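Paired with subunit B in one complex and with subunit C in the other, subunit A is shared by the two complexes that follow.
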Partner chain A sequence: MIIEAETLTYSYDEHLAVDHISFSVDKGEILGFLGPNGAGKTTTTKMLTGQLIPQEGWAKILGIDISSDPKKVHERIGVCFEEKNLYPRLTVRENLKFFADLFGINPDLDELLKRVDLTKWADDRAETLSKGLQQRVMFARSLINDPDILFLDEPTSGLDPISADAIRQIIVTEKRKGKTIFLTTHNMMEADKLSDRVAFINEGKIVALDTPENLKLKLGKRALKVRMRTQTGFEEETLPLDDPKTPERTKDLLKTKEVATIHTQEATLEEVFIQLTGRKLEQ
Partner chain B sequence: MNPQCVKAIAKKDTIAAMRNSLVLMGLISGILFAGVYYVLPASVEETFDLAVYGESQFFSQFGEEEGIAFHPFGSPGDVEKAVDEGDYVAGLVLPENFDSLLMSGKKPEITLYFDSEQPENVRTSITYFMELAVESAALQTPLPQMEGEILGEDMAGEQIPLREQSIPLYLVMALVMEMWTISTLIVEESAAGTLRAVLVTPASPSDVILSKGIVGIGYSLLVAVAIIILTQTFRGDLPVLFLGVLLGAILSVTLGLFLGSLTENIIGSYIYVGVPLLVLILPGLVILLPGVSLSVMKVIPTYYLVDAVNQILNHGAGLSDVWKEFAVVGVFDVIFFFLGVTALRRRYS
Partner chain C sequence: MNVGRLFQMTKKDIRLVTREGFFLFMIIMPIFMSLALNAALGSVGTSAPTVGVFGESELIPLLEQEPSIHLVTADSEQGLRNNVLEGEYDAGIAFESGSPPRVLVSGKSLLNDRLTVGATLVKVYREQMGAENVVSFDTKVVGGEEYPLRIRMVPFLLIISAMVGGLILSSSLVEERELKTLNAVLVTPITPLEVVMAKTLFGLFLGLVLGTIILVLNGSLTGGLYLVLLFLILGTLFAVGLGLIGGVMMKNITDLITRMKIVGVFLWFPALVLLFPSIPQWLGKFFPTYYFVHPILAITQDGATLSDIWWEGVILLAIDVVVLLFASRVLRERMTGKTFRV
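Right after this comes the complex of A and B.
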């Protein structure tokens, strides 16, 4: 296992932010880590990246206990933060060069800039960039040391759809190269599309951990939505897929009504989350 | 400690600081302030220059050896104008036939003008001197003979001009201004959240603190050297002077580290740094003010730096003379270093 967490626990004064969570991530796997604000996502990420020392439990990254030897781990991971944290007075290239210098490496910065489509802004100061461009610089920064594990916190937040898709493509490419990715996101579609497995965290506890398909199958509603024309407009009827009467009712509707569209109504991860926790992810 | 990280952070901070207008302003203003040096008098005036209207053999007998020089003017109005314009310490207007009036037992009226900026002790001294001289002339008796004994080294003719006395002030000001640089670098790193990004690389909190300390000391020494060059202060024991400047730079940087750890926003840092900065400059100012006791300043760490620099530059002191002052500054360096590093490590961890 590339990431192993065992009964990780952390409290801020009286508030138990992370409550004895255990999970593991395999090499080349993308784990989507989902939960509403304050659920414990950031605290978990901080413990996994050595920014916080667990009050209970332990985490091993690449087989190394992160609490006892964080610097050895830091050499082999890349972290992309949600909040913008670039050096505003340094240019994009200088920001990346600085981090390359910290790792004592000399990567091809032009190639990296090209990958994240930042070549045009290479010599602009970070403070002059839009939020989306800054996000791309931070993403590029997390790749600078060609890390074995990427910890990505809302990597596409604030990006336009095309840029967001470009970042997702890079994430998929990194996965194909055998990199492990710990993806924290609010974006259900993104998590569903990219993650091999997703973990739902709520009030400091992991409430579900499985592949998106399994979660949707186990906990989602399978239904068929039929939309029909009427004299005054449209009407809809939802038919449960698992109901034995559904095939007959569908035939009946096709015969007797002017059916405009029929769609399967697969449960979304959002619905699964609500079903599990009674909360929305955006809360 | 990771030398490659220290080098990278120091390089980054040097670039970032030079692009920070506030830091740059502090750096340049410290140097520019030394320009005041050229406005201050380059020599000590040991003679009272008096503008005089009227003839008298009594006054003409006093030469410059008494420390008073008489400059004749054509009218009482010219005397008044010359004193008013600050060209003379005082003006003396004697009535017509002053000597004969005096000799005949009358009391001729003498008018004394004083420049408004002359201190009370100067006005009183000149008045007493005039009264004594007139009384001596009237009574036909010589002035009393007084034997003055100088205690310590006689500095007559060798007094230290104000501009030379002011150099410790410029050095201290420039050094303590670097407190601003270092605390700004620290606060910005926290406020921008960049510290989190740095600490998930091979760099440790110690690397961050050490590199910022190196940048701060580098800037301090740069400014101090600029001031020494600008004021052409190539005298005294220069290696000992540089040792003092280095200790002062460390004092400024360690205090900057500590003060920078107390707040997480730029505005807060201005308050936390601004007040101590003014206090630390005080000993440098007080040394210029006659009559103010420096002993009350002994609780301020920079007092010992000012005192040592003053002794080195203006009294030819060497290491054997100022080692105690250096030791006190060194103790403060160690105290602030531990306070700063402890506070920052706590925050960064």
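Right after this comes the complex of A and C.
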């Protein structure tokens, strides 16, 4: 296991942010860590990256106890933070070079800038960049040391759809290269698209942990949505896929009505999450 | 401790400081003030009266050697007269071949200056003529007003320069916490101790360089150089200790600046006491910076040696130890989870 967490617990004063959570992540796996704001995602990431020492439990990263030897772990991980934390008065290139220097490495910055499509802004100060561009610099920074594990906290937050897709493409490429990715997000579409497994965290507890498919199958609502033209407009009918009467009813509709569209209506991770917690992910 | 990482951290901090107007202003201000005070005050407040001379005489080299007067050469006789009339010179001497020198005395000059000028002239005349002195004049300034006004301003500037080192350090720490860049830095191989050490050394270096520049610009880097540097280091360490405490405890830059204003008054009080000799000088001894600036003045102006000021050094060292111990305690407390609480 590349990441192992056992009964991790952390509370801020009276508030229990992470409540005895345990999980593990395999090499080359993308684990989507989903939950609404304040669920304990960032606190968990902070404990896994050695920014906070767990008050209970332990975490091993690459087989090393993060609390006892964080610097050995830091050499081999990359962290992309949710909050923008670049040096505003340094240029994009200077920001990346400074972090490369801290790792004592000399990577090809031009190549890295090209990968995240930042070449045009390489010599612009970070403070002059838009939120989306800053996010891209932070993502590039997390790749600077060619890490074995990437901890990505909302990596596409604030990005336009094209940029977000480009970042997702890089995440997939990194996975193909055998990198392990711990992806924290509340974007269920993103988690669904990228993750091998997803963990739902709510009020500091992991409420479900499985592949997106399994979660949707186990807890989701499988249905067929039929849209029909009427004299006044359109009408819709939802047919449960697991109902034995559905095939007959579908045939019926096709024969008797002017069917405009038929779509399978798979359960989304959002719906699964709501079913499990009674809360929305965007909350 | 990795020296390479300390260097990279400092290099980055220098870049950030030089790209922020406020930081640049803080660094340039004491140097600019030194130059401005030199230009504006000149010999104002000095114990030696200014004597202007015009013409050629064998007396001039002898007058130049006299410590009791400050000799200035005028461009013309009219210029000499004008400067005396305007009180720029306390006295003027016009030398003309074949005629006895004419002594011009400003009505605005003080009685003690007139006496000093007269006595010095008599002394120099006697020396030149090889006449035996009936009376020997030895000018000795007594009382608290022994330093010229320009020199009395040096403590202010020294405190500013030391505080700039501390303030740059604390601003840098507060800014890193406020922008959360520290979080990103601390998930790289650099340790929290290395981050703090790099910033502390940068603050210390900056304070020392500025302090040295101030002393050089004010012609005060005289006397026991090593002793001056020792007190400069001890004084800057005190400021750096305060900077560390501020950098870790203050929430943001605005908070830091507000608190610094309050602390600044407390720190500058000894400089105020030294500036106005009429204020009882013992009052300054209740403030820590007194033990930083007073010994430096004593070394550079009075030629004090370690045996004269060792006790002030001991007190300053004790203050440094207390401040740095407190700073390290605050750092430890705030470094819960081996990181900064941000």
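Couple of notes before you dig in:
Following the convention adopted for this analysis, the second predicted complex is superposed on the first by the 283 of 283 C-alpha atoms of A that agree within 3 Å, B and C clash if a C-alpha of one lies under 4 Å from a C-alpha of the other, contacts with A are read in each partner's own complex, and residues count from 1 in each chain.
We take it that a contact is a pair of C-beta atoms (placed from the backbone, for glycine too) under 8 Å apart; a residue touches a chain by one contact, two chains touch by 3 or more.
Just so you know, these numbers come straight off a predicted model, no measurement behind them.
On the shared subunit subunit A, the superposed partners subunit B and subunit C overlap sterically. When both complexes are overlaid on chain A, the residue A:71 reaches subunit B and subunit C alike. Legend: residue contacts after superposition of the two complexes on their common chain; A:81 is shown touching both subunit B and subunit C. Applying the stated contact rule after C-alpha superposition, one finds that A:238 touches neither subunit B nor subunit C.
In the superposition on chain A, contact of A:104 is made with both subunit B and subunit C. By the touch criterion stated above, A:94 is placed in contact with subunit B and with subunit C alike. When both complexes are aligned on chain A by C-alpha atoms, subunit A residues 49-51, 71, 74-75, 77, 79, 81, 83, 85-90, 94, 98-99, 101-104, 138, 141, 145 touch subunit B in the first and subunit C in the second.
Those residues of subunit B lying in contact with subunit A across their complex are 2, 4-5, 7-9, 11-12, 15-16, 19-20, 192-194, 196-204. Here subunit A touches subunit B in the complex through residues 49-51, 71, 74-75, 77, 79, 81, 83-90, 94, 98-99, 101-104, 138, 141, 145, going by the rule given at the top.
On the side of subunit A, the complex with subunit C involves touching residues 49-53, 70-71, 74-75, 77, 79, 81, 83, 85-90, 94, 98-99, 101-104, 138, 141, 145.
Of all residues in subunit C, those touching subunit A in their complex are 4-5, 8-9, 12, 15-16, 19-20, 179-181, 183-191, 336-339.
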